[in-house]
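Structures are listed in the sections that come next.
In what comes next, chain A is part of two complexes: it sits with chain B in the first one and with chain C in the second one.
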Partner chain A sequence: MKRSLAWWLQCAVTLVIAAFLLVPAIQSILAGVTANYFRGLSSGLTLKWIGRVWELYSASIFLSLWLAIACLVVTLVIGVPAAYALARNPGRLSRMLEEFISLPLAIPGLALALALLQLYGTLSGFRTSWTFILVGHVLYTLPFMVRSVLAVLMAMDFRSLEESAATLGASAFTRFRTVIVPNAMPGILAGALTVVTLSIGEFNLTWMLHTPYLKTLPVGLADSYASMRLEVASAYTLVFFAMIVPLLMAMQWASARAQRIAQ
Partner chain B sequence: MSDRTFVTACLVPLAVFTLAFLALPLVRLVQASFESEAGWQIYLQILQTPRYLETLVNTVLVSLAVSLAALVLATTAGLFLARNRFIGRGLLLSVLTLPLAFPGVVIGFLIILLGGRQGLFNQLLPGHIVFAYSLTGLFLGYLYFSIPRVLLTVMAAVEKLDPALEEAARTLGASPWRIVIDVILPGLAPSLVAAGAIAFATAMGAFGTAFTLATNIDVLPMVIYTEFTLSANIAMASALSVLLGMVTWALLYVARSFAGTTVAAGG
Partner chain C sequence: MTLTIETAAKTFADGTRALCPTDLTVGPGEILSLLGPSGCGKTTLLRIIAGLERPDAGSRIRFDETDVTGLAVEHRNVGMVFQSYALFPNMSVRANVGYGLKVRKVPADERRQRVDEVLRLCRLTDYADRPTHALSGGQRQRVALARAVAPRPKILLLDEPLSALDAALRDSLRDELAAMLRQFRITAVFVTHDQSEAMAIADRIAVMSSGTMLQVGRPEELYHAPANTFVARFIGNAMPLAGQMENGVLHLPGGRLELPASAAGKTAYIRSENIRLDQAGSLEGKVETVTFSGGHFRLAVGGVLPDGSLLYLQHPGRTAPESGSTVRLTIDPSDLIYLADQTSTHS
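After this line comes the complex of A and B, so read on.
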């Protein structure tokens, strides 16, 4: 089949964009395992820089994992019941509440962090604890959990499922636990993966909320970009990619699945 | 516990968290912006002080340029990927969408690897090509995280286009160009407006990329950061944050009413 000029142009634009996104990522992966970046790959491959990252920054990696898990627990506890309550009362008020909790998606993280700092910055016990960063992460990720669960619930007839459970004598809490949660599971899974992925990568809020003793992975990355040699910064980025890319792929898979169910 | 009480109880954790950590802090932020000698007139000062005004104009111009470039490039690629099936298409699609959740700091670093002093371009063409630490670098960084967002919106919209319309135009003798202009683009228009608004709002509020590239690039988030941390000009930092937040929120609100999607304004 003969291709038109327009087809080849489109193809070229697509490939150039892909190269623009992919080439620097590959560069950073290679630089992280190259003995000397300036002499190039001929200087040999090494795991020395990854080891160096581990010595310098393993605490920040563990803090980020810990924060992501804590953030997931909090968004589950707050978000899943809230999505159920919103699905039960699909009115104007619910729309407005959903709109309001989604504000952290629209307002830049820097502005939110300034707001939090000015209200709670003087509570030194809270300000210097990891829970202060956790609040920022929950603020940013909670709307994803609520919306993901809400979308799945709204797409199915959960009321009649609940009613049949009620006629069998199940209490409101039992119905929530045994009917709503299992049926909303695709939405919960997609929401959970989104929450963990975003929490591990969050920088804008965290940079303002962190203290020198509480550096998360992206804060450590910014630190290494500013003050470490290129190989160490690259190796750290490589570690970050190794954590975030599988999560991202799982997240895209789970979101597509939840969307199919919601349609 | 009655049914009604249980459903209400389900909202309590959300209400408490949102009140304590979203509503009250935002009220405090607005209040703090009035706390200088200028009072509410601090918002006038933003427009009257050349440095702030220039920053505002800079930020809007870069964001506008990024949105337009991302729309043109991602729509071209989106149409191509939606209309063609070939080996490696899935892989190409992953490459183009995975950067969606890369933090701005990492994207800043990737731009330095391309156009920094020790970057790829400077190594291939020594001595001349350093563009990472300027507005050009910022533009490319913003483009990096805008392309996946716009591409996903465009591809979702292309799949909803009715192929029969194009078929009809073709049988009526329309050239491929006329089909793009008269059939495809009008069909995509709502999604393109939405995607453009998302890209614009994201670029307006992005902090991490500018932070990694250089501290002397005058875009709004960087100026807010320096006002707050270096100058301790808290009222001005708050006023600029309120302004920025209102602009990005309004844009995303418009975007949602056009396309009904939400993408986080990270970066």
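After this line comes the complex of A and C, so read on.
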């Protein structure tokens, strides 16, 4: 079959754009496993650099994972009941409150960090502890959890469900535990994956809040680019990718599912 | 259990007076139907009984001798079937039905036994392990009923339990529901806006309009002795014979009717099933429309009543007069209902 000129042009443009996006990624990945980047691939492939990243930055990896889990726990404990309270009391005040907790989305992470530093910077015990970064992450990720849960709650007739549970003898807490939470689960799951992904990848705010002894994964990445051989930094990127990409894919899947339920 | 409602009223926060002060008593094992047009406050009254809505100050709700006015819904031990059924989507049929027993901490063995029994009574045994979204409308309705009765509530409250079903299914499920309610032998309040549903299921009917209770009585009482024009029109569509009364004779554009002396100063009402075609009848009119509805023809006759109002009648014969033809009608005065004129809010 003979293709038109337009088809060949479109094909070329697509390939160029794909190459534009992919080549640096491939190059970076290759750099991370090349023995000597300046001599090129001929110097041989190696896992040495990845080992080196592990030696230098494994603390950052564990700190990031730990922060993400802690951040998830806090946003679950605060966010799910908050979303439920907002859904139960629709009104001007609730709208305002929702906007208010969503503010960190619009404010640059830098500004948020500065505010936190101004407010708590002098409490040195708190300032140098990992919980200081946690506070920043919670502020930044909480709106994602609240909105995700709220969307699913608004899409179902949770009021009737709760009322029927109440006539069957269930107390307010039992209703929340056995009816609201299980039925809001798709929203909670989507929110949880978003929170974990954002927390692991957050740089702006964390950069401002971190101390030399508390470097998260992205902060460590910046550090490695600034102070290490290019191969180490590239290997670091590879490690980062390996952690974040499965999370991103799971997040896509979960939020698509939550959206299907919320229609 | 006897349900006693004293001066129950409800004014919503926006000022809507959904229920005017109402008194009502429902005896042990009795099935009472709240009947009235949309928006008349039926659901509001039902929710007040359940404890889902807080009534205005001065209202009192008693279950036997216990005052439950201030008691939270979860401690009232009522069973409620919601209009939308509100089945728990995260649970199977069995878990839905067992929910009330589970939150009341009934031991697992006894719970299984009681759930099985209710499932059997509601003919749901075959669907016990299905998720609720894999059920038909009629099956869902039975699950909602089973879930409400499983904890053996003191009173069962049903809010238009058949209205979510399509018309054909509704008719067949009506009798089934009536049979199931009798079998549970439980005090029940049943909301509907369909008079045939109320008559088929209830021992007594309470007719409501715009937040007030107009009349409470057995179906045949409401039918034969309506207390006012609204009830007369709402139950069985009684039509007013508006004409000039002179010396015990009612003069209508289509002829005259002799009425007893007690009719003086009142309006006579008649139902379509009590008007007959009769060559020797005293009333004359012209057939406007003829519709066949299975068992009988429904004729609209003009020229009998003033102001162009049509008189409807049911004709059971195999053939009916053509539309446009002139017919004579007869009305047995003993079928007439006499009601004082009211300049009421209802028309």
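The rule is simple: the second predicted complex is superposed on the first by the 245 of 263 C-alpha atoms of A that agree within 3 Å, B and C clash if a C-alpha of one lies under 4 Å from a C-alpha of the other, contacts with A are read in each partner's own complex, and residues count from 1 in each chain.
Everything that follows uses one rule, which is that contacts are C-beta pairs under 8 Å (C-beta built on N, C-alpha and C of every residue); 3 or more make two chains touch, one makes a residue touch a chain.
This structure is a prediction, so every number in the text was calculated from the model and none was measured.
Engineer: Putting chain B and chain C onto chain A via the overlay, clash or fit?
Structural biologist: Aligned on chain A, chain C fits beside chain B.
Engineer: Output check: A:Thr128 vs chain B and chain C. Expected answer is one of first, second, both, neither. What do you get?
Structural biologist: It touches nothing on chain B or chain C.
Engineer: Given the touch rule stated above, what does A:Phe203 touch, chain B (first), chain C (second), both, or neither?
Structural biologist: first
Engineer: Regarding the shared-chain residue A:Ser43, is it in contact with chain B (first), chain C (second), both, or neither?
Structural biologist: After superposing on A, A:Ser43 lies clear of both chain B and chain C.
Engineer: One more residue to check, A:Asn183. First (chain B), second (chain C), both or neither?
Structural biologist: After superposition on chain A, A:Asn183 lies in contact with chain C alone.
Engineer: One more residue to check, A:Val138. First (chain B), second (chain C), both or neither?
Structural biologist: first
Engineer: Between chain B and chain C, whom does A:Leu119 touch in the aligned arrangement: first, second, both, or neither?
Structural biologist: first
Engineer: Who touches more of chain A, chain B or chain C?
Structural biologist: So, of the two partners, B touches more residues of chain A.
Engineer: Contact-wise, after the overlay, does A:Thr211 reach chain B, chain C, both or neither (first, second, both, neither)?
Structural biologist: neither
Engineer: Looking at A:Thr167 after the superposition, I want to know if it touches chain B, chain C, both of them or none. Which is it: first, second, both, neither?
Structural biologist: Second partner only, chain C.
Engineer: Quick test of understanding: once the structures are aligned on A, what is the angle at the Cα centre of chain A formed with chain B and chain C, as a multiple of 10 degrees?
Structural biologist: Seen from the centre of chain A, the opening angle is 100 degrees.
Engineer: Between chain B and chain C, what minimal C-alpha to C-alpha distance in angstrom results from the superposition?
Structural biologist: Minimum over all C-alpha pairs: 8 Å.
Engineer: Would you mind listing the overlap between the chain B footprint and the chain C footprint on chain A?
Structural biologist: 166, 171
Engineer: State the interface residues of chain A toward chain C in the complex, per the touch definition above.
Structural biologist: 156-157, 160-161, 163-171, 174, 178-179, 182-183, 185
Engineer: What does chain A use to touch chain B in their complex?
Structural biologist: For chain A paired with chain B, touching residues are 4, 6, 9-11, 13-14, 17-18, 20-25, 27-28, 31, 37-38, 77-79, 81-82, 84-86, 88-89, 97, 100-112, 114-116, 118-120, 135, 138-140, 142-144, 146-147, 166, 171-173, 176, 197-198, 201-204, 207, 218, 221-222, 225, 230, 233-234, 237, 240, 244-245, 248-249, 251-252.
Engineer: If we count contacts the way the header does, which residues on chain C are in touch with chain A in the complex?
Structural biologist: 50, 52, 73-80, 82, 84, 86, 88-90, 99-100, 103-104, 147-148, 151, 157
Engineer: Quick one: which bits of chain B touch chain A in the complex? Just the residue numbers, please.
Structural biologist: 1-3, 5-11, 13-14, 17-18, 21-26, 28-29, 32, 73-74, 76-77, 79-81, 92, 94-106, 108-114, 118, 120, 140, 143-144, 147-148, 176-177, 201, 204-208, 211-212, 221, 224-225, 228, 234, 237-238, 241-242, 244-245, 248-249, 252-253, 262-267
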